[in-house]
């Protein structure tokens, strides 16, 4: 009954089992354990190239570290104005980078348009009083549930490359985007021009497993010190590495993401058939953003469904939330059961019909 | 065979089981889970008073946060010159505090003497060019394995109180010290004048479970923001809270610590009977610091025992490491088996006898 | 011929003479000189109350320090999106505050509207992931040359007070605003609810003389340390204090500001009579923002007049810069000569007539 | 009568005159003035090579910036434990560098010994928990008034070079050291292996004129931004550039330094002839550190002479301050008059004789 977030659920079984398995015996501390080394190699396989990998435990931690690796204290970051890094991390990027500035641009569906980024960056005065833009950060999946295509990523990367900026992907929902695009991890990242990636696994079936994956090796040099100093190097490294081992084994991570996306697609499809309900943005991953008539919203809440209101800052042009409506976010996960989805849809449908009847 | 550190081991069974148990079902994210609330209340019971509790995952993280809570960027911290916070955290206290200075004082056994602290602090010029001392940090257990008595803590606290400084206890091995003193957690902390505590559970049977426990409530005000911004608030809070629930249940934590200390005591007692071996400092918790003849050291290593060389900076007056000797650290834990201890002692004894025979 | 900025000129005669006079003899260092003490008392007289005063040498330095005094590293500042502190100081507020965030709001004439500030602040989620707003900063004179009335300041202060925010005035052109309002310094600041002021004198006849004037004494506690640590405490304090002594003597500062404002008023009045020229915002202090036909602009530049293009972000509703137009800024100062103003106007008028004739 | 410091005096006449001269007319702001450009070229001539120059106004400011240019936030600096940067700047290096650590080593006369630096650096563990040493900072003149010879500087530089560390010279009394060594500025700096210099002129005849002179151009890249962001770029750049123009013209700076040193030499020579007085360290520049019998000290103070007590941390081996003695510092400057020196000596001599008589 909980569509509040994908982090309200624990670990999926293979991840938990891997953790239990890895618990036994002595292992070197501080990231020198065998599991960590295996996981680092595994990332190289998954991304089909040499990568520098820094495991961590929280999305805010790895995002802050990744931004700091790419931007000096007097530099700036361009991102969407609803990006997680600018809006939801209590200034972690500013903290880890020692005061860099984040410029938040508008954009429908929380996606940046290359030409708008270019215009913004080119419009900044080139002077010592100005903080030079050094990084573009995009969220894959976006904060409105949209997935950047490989072409879109490449276009943003081109804007960066011409202006000496690095490209960061906040991959908190990396797997959900990946299975949607049906491409390889390499294609969605460095082959499209991503320089540094925060690879999230927590939301998709782990308890606390995140990684910074660096493709532009120059950005990796400082991260070992930054991570230690930020308190993000676990003494018992197996905690994170074991989760990743379970996560990657037998493509479990992709299965988890496919399930979550399918549940969201079912929700979206069902909601589009409910009178008075429309979707703010298309459902492309594991989130659905319906605009609900108040009566439907209330019926769902009464029935015990949990979800959150969402911002209308990035609606498509012309779209507006009416007085009797509410824009909400539904998140599905590896743990979402089909029966719950159906029950949700039935409840919504009933409420809509009753509303129509009144 | 591993005496390298207490963090080379995983979680003890009750802790792991609690984690597995807590994995099921939906729970509010970002520290709002029921388990976290229960653990926060549990800390209040354990310390017999209201406390502010901030759970975290790494010792470096919670130490950095605790120091920052008590010291402004232009303030300074007095600690032993071998303290973990000054020597082993890549500047985490400086990072979290935005540049505070740590003054490391000498002291036998990595313990600070109240009169020396007082003399040092009183000798600092009171001027704007000087960074005013705002915090004293002591490690319980000390970096040389010694346990501060309640009287010693109270004496250091008195020095602080007269000079407007707060008292921080780095309790990475809190439980090991506690069972040694055979007193209550309250007696070892706030009743002796501790204002803010980093309470470590990772080394004593968890995988990643640390907490900042604040007794001087004024020091707690900023910590929720600092923790979030530092990336130390877990989205799936149950990861840490569940470990603590298993840790505290049925006094499991005290049992773990007693076992570890007993194993260390057995090691110490045995080693004192080995010809040519002496202890650099008495064994008071779960660490033993023997000075080994080279031949004994080599025999132990050949036999596969793992342990680390240790610093001789804080030896008792008059004590010196000879040319053919090596000062090492042996750490025991909840997972150390008595048979391994005995095998270690036999190996040492044999080597010593052979050496005597040659 | 230079209308580029008020900081292209040196010190006015009484200021320079005071500096020369103060040069003789030995004086205590690091702000303990007699002159500094006299100036601190003088500020108290000028503001008709106890104030804490911290002299400095650059606007960016004192602004950064003042913001840091009022906002924790995880807090945020609300200001206009064209405010000097957000746009022209290379992140000094972020640097001194250790990473606070600046929210830039729109507003005509670079002025904030109380109701919009209130709506923005009230719309920020109250959660640990959000950086709590702690300070409102307004520029007096605004970046578009407008002067906040006492009522406007009081209205912004009321918004702050209800929300636990402090109010900062960036008074880089304090004197120019003051003589415009024809009120007392007290009336324009603390009586209208300003908590902390950066008082600029450099632009109005000094070489490098700035001060932080604190009315809310709680905000003053950290500033002595912050200033020293930031390198803004001069060893030879007389450098700054002497300038202030010359500045304040015989109301010289007000005379300087009156002259600068009168020159700007003359410019504005004259330009309004030039065909094809209009003012983007009314002239209220020592800056004029004409929108010039290209031909007029070019003629002025050819004639050797220096000035800068300006941003059109904060134009009045409905106003737009046409394809053949340019929005520029003219700044007058204590050193601007009436003859230069007249020559400017004649040149503009001639160019406009010639244009009309063609 | 004031031997308290060389910063109790104002500017010498040629410096003040240059400032007055430069005051007239319009000049580009923010370091783009012609004077600044001339001074930057002058530095290149003086140092006989390309240099990057960053003018500033305070020693603490330029020292903080210079350290930050050479050391990442997680790096460390080796310096003498009485170095100004570690002891007298309220943590400015930590502030500007965002938390780097300063290691203070002992050394007679506040000078570092190359072999001791090497041993210290080589003894630091090479691990991510350790802050890697990136900079050695020496004070020329040292905090005990000693001048490093070119050979000593080169020897320290060699230690740095082998360990990937840069060499910083804190040249607060650069000119006093230079005339003592009777060599060229190039010989005392980059030819001896200095990578980055803070060049002080304030103490030697200016009011506020300091410069960072960078020889290793890689260290210059970030400084323009750092300086602006730290509030150390003056809007009216002529303030500093004019002082430097007067300072350098006709070798005025060297004349000032020679006078100051000569006055100190006279003081030292005279004091050595006073019964019961001895010098803690030889007089090599413009400071004298006599150990005075209490009676002599009191007589001098009664006579109105001003000077400060000094630390005995870096006394030569075997030297001690007796119960009836006081170690003090006398500083001479360009403004010190010979008659004052003689009066000081007469007063001391008389007091010593009277003491002998009693």
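Letters A, B, C and D name the chains as they come in the text, with residue numbers starting at 1 for each one.
The rule is short, and it goes like this: a residue touches a chain if its C-beta (ideal position, glycine included) is under 8 Å from a C-beta of that chain, and two chains touch if they have at least 3 such contacts.
Given the structure is predicted, the values throughout are model-derived calculations rather than measurements.
Asker: More contacting C-beta pairs: A-D or B-D?
Answerer: B-D
Asker: So, comparing C-alpha centroids, which chain is the farthest one from chain D?
Answerer: That would be chain A.
Asker: How big is the gap, in whole Å, between where the Cα atoms of chain A centre and where those of chain B centre?
Answerer: 36
Asker: Roughly how far is chain B from chain D, going centre to centre by Cα mean, in whole Å?
Answerer: Their C-alpha centroids are separated by 42 Å.
Asker: Which whole number of Å gives the spacing of the CA centres of chain A and chain D?
Answerer: 52
Asker: Chain B: which residues touch two or more other chains?
Answerer: Correct list: 30, 73-74, 89-91, 95, 98, 128-129, 131, 225, 228-229, 233.
Asker: In their complex, what parts of chain C are in touch with chain D?
Answerer: Counting only chain C, the residues touching chain D are 1-2, 4-5, 7-11, 16, 19-20, 22-30, 56-65, 89-92, 95-96, 202-203, 207-208, 225, 228-236, 238-239, 306, 335.
Asker: Quick one: which bits of chain A touch chain D in the complex? Just the residue numbers, please.
Answerer: 30, 72-74, 98, 128-129, 131-132, 222, 224-229, 233
Asker: In their shared complex, at which residues does chain D touch chain B?
Answerer: Interface residues on the chain D side: 73-74, 87-91, 94-95, 97-102, 128-131.
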